[in-house]
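So that you can tell them apart, the chains are marked A, B, C and D in the order they are listed, and the count of residues begins at 1 in each.
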Amino acid sequence: MKFKVNSALQYSVIKPSTFIFNVHALRTANQTVLEETLVIDPYIRIEEFTAVNSPNRFVRMEVAEPMNFIISYKATVDTHCNIIENREGADTISLGKLDGEVIPYLFPSRYCQSDKLQRLAYSKFGNIQNTFHKVHAISDWIFKNVEYISGSTNSHTSALDTISERSGVCRDFAHLGIALCRALSIPARYFTGYAFKLFPADFHACFEAYIGERWIVFDATQLVPLNGMVKIASGRDAADAAVASIFGNVISTSIAVSCDIAEQTFEPIWYDNSNARFVAY
Amino acid sequence: MKFKVNSALQYSVIKPSTFIFNVHALRTANQTVLEETLVIDPYIRIEEFTAVNSPNRFVRMEVAEPMNFIISYKATVDTHCNIIENREGADTISLGKLDGEVIPYLFPSRYCQSDKLQRLAYSKFGNIQNTFHKVHAISDWIFKNVEYISGSTNSHTSALDTISERSGVCRDFAHLGIALCRALSIPARYFTGYAFKLFPADFHACFEAYIGERWIVFDATQLVPLNGMVKIASGRDAADAAVASIFGNVISTSIAVSCDIAEQTFEPIWYDNSNARFVAY
Amino acid sequence: MKFKVNSALQYSVIKPSTFIFNVHALRTANQTVLEETLVIDPYIRIEEFTAVNSPNRFVRMEVAEPMNFIISYKATVDTHCNIIENREGADTISLGKLDGEVIPYLFPSRYCQSDKLQRLAYSKFGNIQNTFHKVHAISDWIFKNVEYISGSTNSHTSALDTISERSGVCRDFAHLGIALCRALSIPARYFTGYAFKLFPADFHACFEAYIGERWIVFDATQLVPLNGMVKIASGRDAADAAVASIFGNVISTSIAVSCDIAEQTFEPIWYDNSNARFVAY
Amino acid sequence: MKFKVNSALQYSVIKPSTFIFNVHALRTANQTVLEETLVIDPYIRIEEFTAVNSPNRFVRMEVAEPMNFIISYKATVDTHCNIIENREGADTISLGKLDGEVIPYLFPSRYCQSDKLQRLAYSKFGNIQNTFHKVHAISDWIFKNVEYISGSTNSHTSALDTISERSGVCRDFAHLGIALCRALSIPARYFTGYAFKLFPADFHACFEAYIGERWIVFDATQLVPLNGMVKIASGRDAADAAVASIFGNVISTSIAVSCDIAEQTFEPIWYDNSNARFVAY
């Protein structure tokens, strides 16, 4: 699928500050960036770099003086996500056989306190044998038990808040999904991207669980088709994969995001419990 | 310095479980493992692996049936940690110039919620210009304001608990140091090791701050000489560098740790505000 | 029912301290204290007082110097708790008609953060019309979803911890029950007492919900018969009705509690979903 | 002093709801309500009641159907608060001599987790002997260490959040003051009122500490003169003395508050460390 994605972030810098942005579409075997432009207005020198051991594409920028600026990213991206038709075939991987690079995604992180949710996770999902079914059940449970309420949470909100308060936005749904997976010893990570049909338009977040040697996408918000995303980054949680990490004193003044189809046909893959098809980016 | 280190961990496995141990002395340019043995009694097959992009040495073990076992590690290790005599020379590194692999240590993590401590950190330490002095002040502040009380905290305790409850053990002192550094945009990470003269004998934890392109060791507990440790691992916090991560149902029944000098002379480097010498492993 | 109750608390006072004890059996229309003795060994002067607007019986004691002492309470108590056979008859009371003295039990308190559990409470229990059935469902849900594990929590643990960690002791079961009731606008309060057959022997805690102008007892632990308690106190939560509130520096060195039947026949009322009988003290 | 106070709260009721309002000026020996009116537009039947063992004046209202309404209170109030010129004379009261009705204000409450702040409170203020000086030091410390930021907190925010995040509004300043007092065994309670010169205009909150058998007012925000308030209520914390407790589904659509002087002369009492005068309502 070809998508046209677009984001524009506007800031007012109060004191000298450093920004780390993560808005570029990933370049992977399944995702080709056909064209892209990044414009900072007024011009500020930036440096691109990738994170260690991940394809995440970061841009770093130092702003030495108070000023306002806009950073705009536009890209046309071709995605070919893998569709997993038959989840029965996705075997559970023994923890003892996991790759070293997958293991960090088993541990609790800032917003995913899996260490505190083990008893709850085992009691709700522990008796489901198949890992695929287990994560699917987690995603469904969050969808049914957490209310999507714009503005109900903030950047400090964690899975532990969401399990008691039962409200949040995509970021919170993802964090809770990750925490419940890890509580059950299933590696899970945070996924950010541009998302087709997301309303209100914004960056999207969901989560990936490591099943059968693949990172399968789950979106407990059920707001967008599973194959309707352009991946930006993955990480342990929003601490690793924030759209913007800001060190200094800055006010975010506006944000605009869009994600449209750039070709005529698009067969969306929606959640369907009877005939589950899943997707890996 | 040559050290003889020793650890023996005993477990009672209730249900099939997977263990990830991290008790081996690191092998680095500054730390040579002269000899080492790992014995599991009764014998259980293990697999050694290293974490991604770190020298941490892990051992993975699957225990399929209820049983008791002991894992014992013994090593003779030669350490040559770098001594930093003049902290004035350690310039602050601009965030914009940090290596990509250092950047994750700026972000909040499970036990180090730096995102919630920014105002407190700036008000207490923000006016100290030199990064070295700043982290030293953080370490001193923790030493003076947090009471070391064995058994006062548990594996869920985080920097946010410690900043209000003001008590803890080495793990908690380290987590608070890391959180305050990151709140001030100073990369910081968790350090575990064997420690000479530690009483009561146990694994030790402290923290490293990234200053002048080196990871300098700070130990807010002031319990051991700065050059008296044999490094096991570093990580974002105790979630990454736990001595034992256990997935399953297991009871820890005993733990014994020792760290002795294996040669005749040892000039310990203690904290000394007037003539500060610091150490990098 | 006649019960013989007994408690002995032993303390080592480190620095001058004030104690407020709450171990006396209540004197109410339904509970007659036939005989009782309170002995402090060695003798320390005490002052008895009652709390404002409640029959709770407190003893205050100032210990001016380091010393060890034991406070022992023994009583024979005759209880005649009301048995509510038919819960259908217990009508819901409109909030608008509640007595002023009941209203404080609608508000969140230290260990019962009902303000954070409203969405969860409504989603689980909101569709149950009859208040009696609603509170019964809450109590059953806690019994099924929270594991009773001695020593798993401490005096800081609150309902918010229990809703995510899903383990605790009688105090935690009671706090969660209270918080869920209040989240649904049902007045609820903490109940402490001596409990027949409690094993291991200790003070017991459960909760009361205000239904049909009566405070009905619910015990989510299901550890003791509903009519097998001798009431000590009620309060908003354990902050109000602690067995011992200590201001100073004191170590609790031992505690012994017992509650036995002082007559030959006792027909215990246990939980029974098919033919529910409830109890009000 | 004569004040004219005014408040107008506007709500949009979504589902049948019960309101408990607490906006009336208290009637006490020191505060005379010369005239007052309460208007609900459109008319809804209300019931006035007072809380148990407190002069707080509540209004209860049931709204059976979705609707919008405004509740407006206007009053002219004459206050004669006691001025305490010489704080040396205010002796500490032994805990052992406190009235039974004061004792609940020693215990932790929903937003004032004094049980978790004891070590911090003792280390910062424990060496100050005079209770007056101690509470004054607490109030000053909060003023200096917590930043007043409108909108930085919400109705769930507690003293434990404020001690780490170091920002808040009057409610948060008051809760932290109360928690620190109680951690030091000083009875303290929440105070709400109309406040002269408060900008931006709103209801105000501060706290009272029980010193020398009087409830002395402390306002860690230092936003209004100590004698410039018309008292509405006191309570353990905002859970007891909320301007509006709402049980149901309601949106608060607007709020307007004012407090003006109704006579020509007013000598405000401001904080003054050199010549401290304090006030009791």
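Just so we're on the same page, contacts are C-beta pairs under 8 Å (C-beta built on N, C-alpha and C of every residue); 3 or more make two chains touch, one makes a residue touch a chain.
This structure is a prediction, so every number in the text was calculated from the model and none was measured.
Looking at subunit A and subunit B, no chain is in contact with each of them.
Relative orientation of subunit B with respect to subunit C corresponds to a rotation of 180°, obtained by superposing CA atoms and rounded to a multiple of 5. With centres taken as mean Cα positions, subunit D sits 46 Å from subunit B. Per-chain CA centroids place subunit C at a distance of 30 Å from subunit D.
Shown for subunit C are the residues that touch two or more other chains, namely 116.
If you draw each protein chain as a dot and join the dots that touch, you get one closed loop, with every dot joined to exactly two others.
Contact between chains, per the stated criterion, is found for A-B, A-C, B-D, C-D. Listing the residues of subunit B that touch subunit A in their complex gives 18, 20, 47, 49-53, 58, 60-62, 94-96, 100-101, 103-104, 106-110, 112-113, 115-116, 155-156, 185, 239-240, 245, 247. Those residues of subunit D lying in contact with subunit B across their complex are 116-117, 119-120, 123, 145, 147, 160, 163-167.
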